[in-house]
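Two complexes come next, and they have one chain in common, subunit A, joined by subunit B in the first and subunit C in the second.
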Partner chain A sequence: MKQKVYAVAGNILSPLGFTAEENFRAVVEGRSGVAPQEGTFGIPEPFCASLFDRGQVAEYAAAEGITGYNLFETLLILSIRDAVRRAGIDAASSRVAFVISSIKGNVEELGEDESEVPVTVSAGHVAAFFGQNAAPLVVSNACISGLSALIHARRMLLSGQYDYVVVAGAEVQSRFIVSGFQSLKALSPEPCRPFDAERCGLNLGEAAATMVLARAEACPPDCWELVDGATRNDANHISGPSRTGEGSYKALRYVLACCDPEELAFVNVHGTSTLYNDEMESIALHRAGLSDVPLNALKGFFGHTMGAAGILESLISMQAADAGIVPGTLGFGKMGVSYPVNVCAANRTTDKHAFIKLLSGFGGCNAALLFRKGGAR
Partner chain B sequence: MKIVHSVHILPDAVRLDGVALPVEEQGAELLSALYRAYVKDYPKFFKMDLLSKLGVIATELLVKDEPGRFTPREDRAVLLLSHSGPLCDDRNYQKTISGDDYFPSPALFVYTLANIVTGEIAIRNKYEGDTTAYGLEAFDPAQLVAVVRDAFEDRVTTSAICGWAECIDAGNFEALLLLVEQDAPEGRPFTVQTLEEIKKA
Partner chain C sequence: MERKVYIKALSRISLRHPDPDYTGMFPVMEARRMSQLMKRALAVSKQALALSDVTVPDAIVTGTGLGCIANTEQFLRPLLGLSDAPLRPTHFMQSTHNTISSLIAIKLGCHGYNATYSQGGISFESALLDAFLQLRLRMVDTALVGAFEEMTPDYAAMLEKTGWSGVRTDDDRLSETAAAMLLTASPDGALCELADIRLGAEAASTTMSCPAPTGHLTRADYVPLYGDNFCVSALGACDAVERVAAGDCDNLLLENDFHGKSRSSILFRSLCGR
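Right, the complex of A and B next:
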């Protein structure tokens, strides 16, 4: 029989806290890291973003004895170290693989030392910190990177070559990224409002998040299984979502083969708060027969944390379902998509033990991953 | 799993299934020459960054004679690996936001995402399956084979455009792309040894 892959430990490092628990508490209490920015990164137009206090991160890193790394690598190391300690594994072992997810990694190094810019280089430094001899695998699949990394890591474990895979994603914001999204007219000058009628764009966010995955004959009852996941392309446009939600629908259809919608506590959507993304997701969910399943989006708390988002939002969702909560969608007030969907504005209770994490990104890519609590079925 | 076709493009040489194609141009001009010889009717090509041009042209050579081309299909994945990702595009975009000339270009920014090349290949060929851009420290046939084999764990995937697509600048790029099929009756074995042979040829 095919083995099961499950999460043994995790960490979230964000402006809202440095552990998965602190970040979950912030979500339950409705606290957001998103704040107005003026002049940040020398960007002429105002924008909102969830950004680390650089001094606070440096202090934490110094206390942990981590020096000589750039901010991107420092965040990854801090996040991975917490998760690996909790998992109680030997991260240096050849039976452990590292998968690193990021979109722009250390792009700020451009113009300084160009050879340090590729994510693969930073990923190598991070893996070496943990005593890994093997080069880590990097996944850089635009906004779905974190889910692509988890989906691939699950498959790596199923192949039997590893006992554990450490999946970590991180994103540091910069003049480069903010100006780019602004030029695409994707940024909101105000805190974002996923699925709301008044939404006018996304907020960017900084974070690192780590999940340590393992495999066994059966998923332990206190762990979350990564049941199955898929990435699908719209094959339509490099920067605009499909009008029929094609790839998102196909990714959902793939994971729905492994579950009954009745089983789902919620779908944690991408919900960037851009006009096109949220509309597209409503179409995909409708086509997949998920209009009645509660949905929520976390971008109002963290902003769009890009390469970290898939891992971060999955970790929040696991803790929420464990606590019997469907987290509310901060920023949502009045329905603003044309297909009927069941948006949770405020925290609700649930007694269900499965959820779907959904993301979409530039390049036409979409991903869905089904999580189920061990022993729930 | 078998390699049905392979292509190796360098700034001054192209080999398709191990056979050298006649080459008169070099660098970016080589890609345009290949476009004129094998594509002709996809002007979007000229809007693409160098990495996407490289990936799209390499794919074109792999599938140009495939029956039923352009019928949308979900069972074909696009899985590309590189070391530098979109570094070439990062440089181009950075120029639009440096110093006093602050005119960020959305057209250039989009290409600074590592996976746009996989999207361009999917759009051109109507591939609706898995598209993923991976990064490795360096070209490593063993890792490449492992990544692609693991990706075939997807229940729907039966074939893939996969391989190495590295682009430093117009004079320094390499695409080693393969059409790999799960149940192909004929083809070379999808192994480290075959990859090494294709790379060396």
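Right, the complex of A and C next:
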């Protein structure tokens, strides 16, 4: 019999809170971690971002007895530890695999302590903290890394080789990333406005997020199943999204084979608030016949948390659907994309038990993952 | 039912396999924006496809330890005050690890699965495992697996200072890799079967499906030939495929014990006498 993969526990660590629940509460209440930055990272131009209070993280880590790790590793360890405790699993077991998702890892340390650069090195430190002998799998697939990691973890479980997979993503912002997006003219000087007519770019964000996945013949009724996922490529441009939404549409079409659009509470889009991304997503959703399905974007709350985004935004979406809520899209006011899509400006209610998480990234990569509550079908 | 996986063709550029003539291979404007590694990646990818009569593969899976490290350094240098050059968006865009895999997709017009693994010394094996599983599980019928690594003077200096042991001798000199393999589910015209891949602690275990391989290749065999870098095991794998395809052995185990940091085993099986 075909096995099912589902989430048993999760954690979100962001400037809005250190648990999945705290972060979900912030979203429901419309609180944002995005704040104006001046002189941060020594960057002269002002920008907006959702950044950790370094002192607060250090204090929390010290209270938890976690010292001697850099910020990137500390965030991962704190996030994974909470999720693993909740899952009640033995993280050191050889039947447990670790998958780590990050885009830039410790890129800023290229100029400081170069031995720390490869994400694999940090990932190894993190896994060793949990007593893992095996090196964790590192997924670095631009902005879709979080969903790539979940999709891959699902397959690892279906292979039967593991009983649990701990999927964790983290991103620490730096001068490298901020200057990079500034050089592309992709950063908004103000809090971002996904899908809005006045949108003018994205905000970057810091976070770590973890999902512990398990496998069984049926998804337990209180858990969310990762029904199926796909990554598809635009094959169009190295950094700009496709004008026809090709890859995103193809990824959506793949997961829609497993569900009826009527079943969907919402599509949680990438919604970075750049002109091109949001426009592209509206085209892809329209082509996939999802124009009427409510959509929302979470970048207004967290900024673009890059390697953490796929996991973080999926965890918020699960909690929202559990609470019967379609979260509003903070920053959205007036429709600003050419194809009609059903953007939720404010929180709405829903009685549906499935959603699609969508992401796109550099290299024209796109990913879609379908989640369904156990026993919903 | 799970299928078997075959290697249909391969192509590589290494210390012993020189660069082709890139003149006219790419439009001039595009070539200006492409690093040497990108040109190599496209060249070996195209050749592996041409040798296997596949125009567009179902999946492109790439392994790279450092990604486009040269572009990353070029963007980082002005930031650190080591250069007065302006920040160029091209360098930032091309600094993500999946740049190469994406570029191959663009050039081939491949909308299928596209993923990049940055897994240190077993980046290539991680990519190969992904493609292997997807072929076995019937998710794709063809997959282009690549391994691409460049080395910069700064990174080499760093590795010598803090990293690997024994890289200062001539035999273990730091080098670069560009290798591509086309995997299929059909044995027709294939070079060999890709029988099994194991990573990490499992690499040394008896779970490998062949307890007594007749052929054997390790880093001690291929590093003296090709130098050392995160993806050099892909060049070892190319040699392994060629040996098995030539009928040297019924099956061959390729072992990669990467500086004591990570391990992998790949089992290749001959199609001779099938």
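One rule holds for everything that comes next: the second predicted complex is superposed on the first by the 377 of 377 C-alpha atoms of A that agree within 3 Å, B and C clash if a C-alpha of one lies under 4 Å from a C-alpha of the other, contacts with A are read in each partner's own complex, and residues count from 1 in each chain.
Keep this in mind: a contact is a pair of C-beta atoms (placed from the backbone, for glycine too) under 8 Å apart; a residue touches a chain by one contact, two chains touch by 3 or more.
Predicted model only: the values in this text are computed from it and were never measured.
Asks: Consider subunit A as the common anchor and indicate whether subunit B and subunit C clash or fit when overlaid.
Replies: With subunit A aligned, subunit B runs into subunit C, so clash.
Asks: What is the contact status of A:139 with respect to subunit B (first) and subunit C (second): first, second, both, or neither?
Replies: It touches subunit B and subunit C both.
Asks: Pick one for A:120: touches subunit B only (first), subunit C only (second), both, or neither.
Replies: It touches subunit B and subunit C both.
Asks: Classify the contacts of A:362 with the two partner chains as first (subunit B alone), second (subunit C alone), both, or neither.
Replies: So A:362 meets both subunit B and subunit C here.
Asks: One more residue to check, A:63. First (subunit B), second (subunit C), both or neither?
Replies: neither
Asks: Using the touch definition from the top, say if A:94 reaches subunit B (first), subunit C (second), both or neither.
Replies: second
Asks: Using the touch definition from the top, say if A:254 reaches subunit B (first), subunit C (second), both or neither.
Replies: After superposing on A, A:254 lies in contact with subunit B but is clear of subunit C.
Asks: Taking the stated contact definition, name every residue in subunit A that is touched by subunit B in one complex and by subunit C in the other, in rising order.
Replies: 103, 107, 110-111, 114, 118-121, 124, 135, 137-142, 148, 152, 155, 158-159, 175-176, 179-184, 230-239, 246-247, 250, 361-365.
Asks: Can you check the complex and tell me which residues of subunit A touch subunit C?
Replies: Spelled out, the residues of subunit A in touch with subunit C are 94, 103, 107, 110-111, 114-115, 118-121, 124, 133-135, 137-142, 148, 152, 155, 158-159, 175-176, 179-184, 230-239, 246-247, 250, 361-365.
Asks: Within the complex, which stretch of subunit B touches subunit A?
Replies: For subunit B paired with subunit A, touching residues are 72, 74, 78, 83-85, 87, 90-91, 93-94, 97-98, 102, 104-106, 109-110, 112-116, 118-120, 122-123, 125-138, 140, 143, 146-147, 149-151, 153-156.
Asks: Which residues of subunit C touch subunit A in their complex?
Replies: 60, 65-67, 72-73, 75-76, 79-80, 87-89, 92-99, 101-103, 105-106, 108-120, 122, 126, 130, 133-134, 137, 155, 158, 161-163, 199-202, 261-262
Asks: Would you tell me which residues of subunit A are touching subunit B in their complex?
Replies: Of all residues in subunit A, those touching subunit B are 44, 103-104, 107, 110-111, 114, 117-121, 123-124, 135-142, 148, 152, 155-156, 158-159, 161, 175-176, 179-185, 228, 230-239, 246-247, 250, 254, 257, 361-365.
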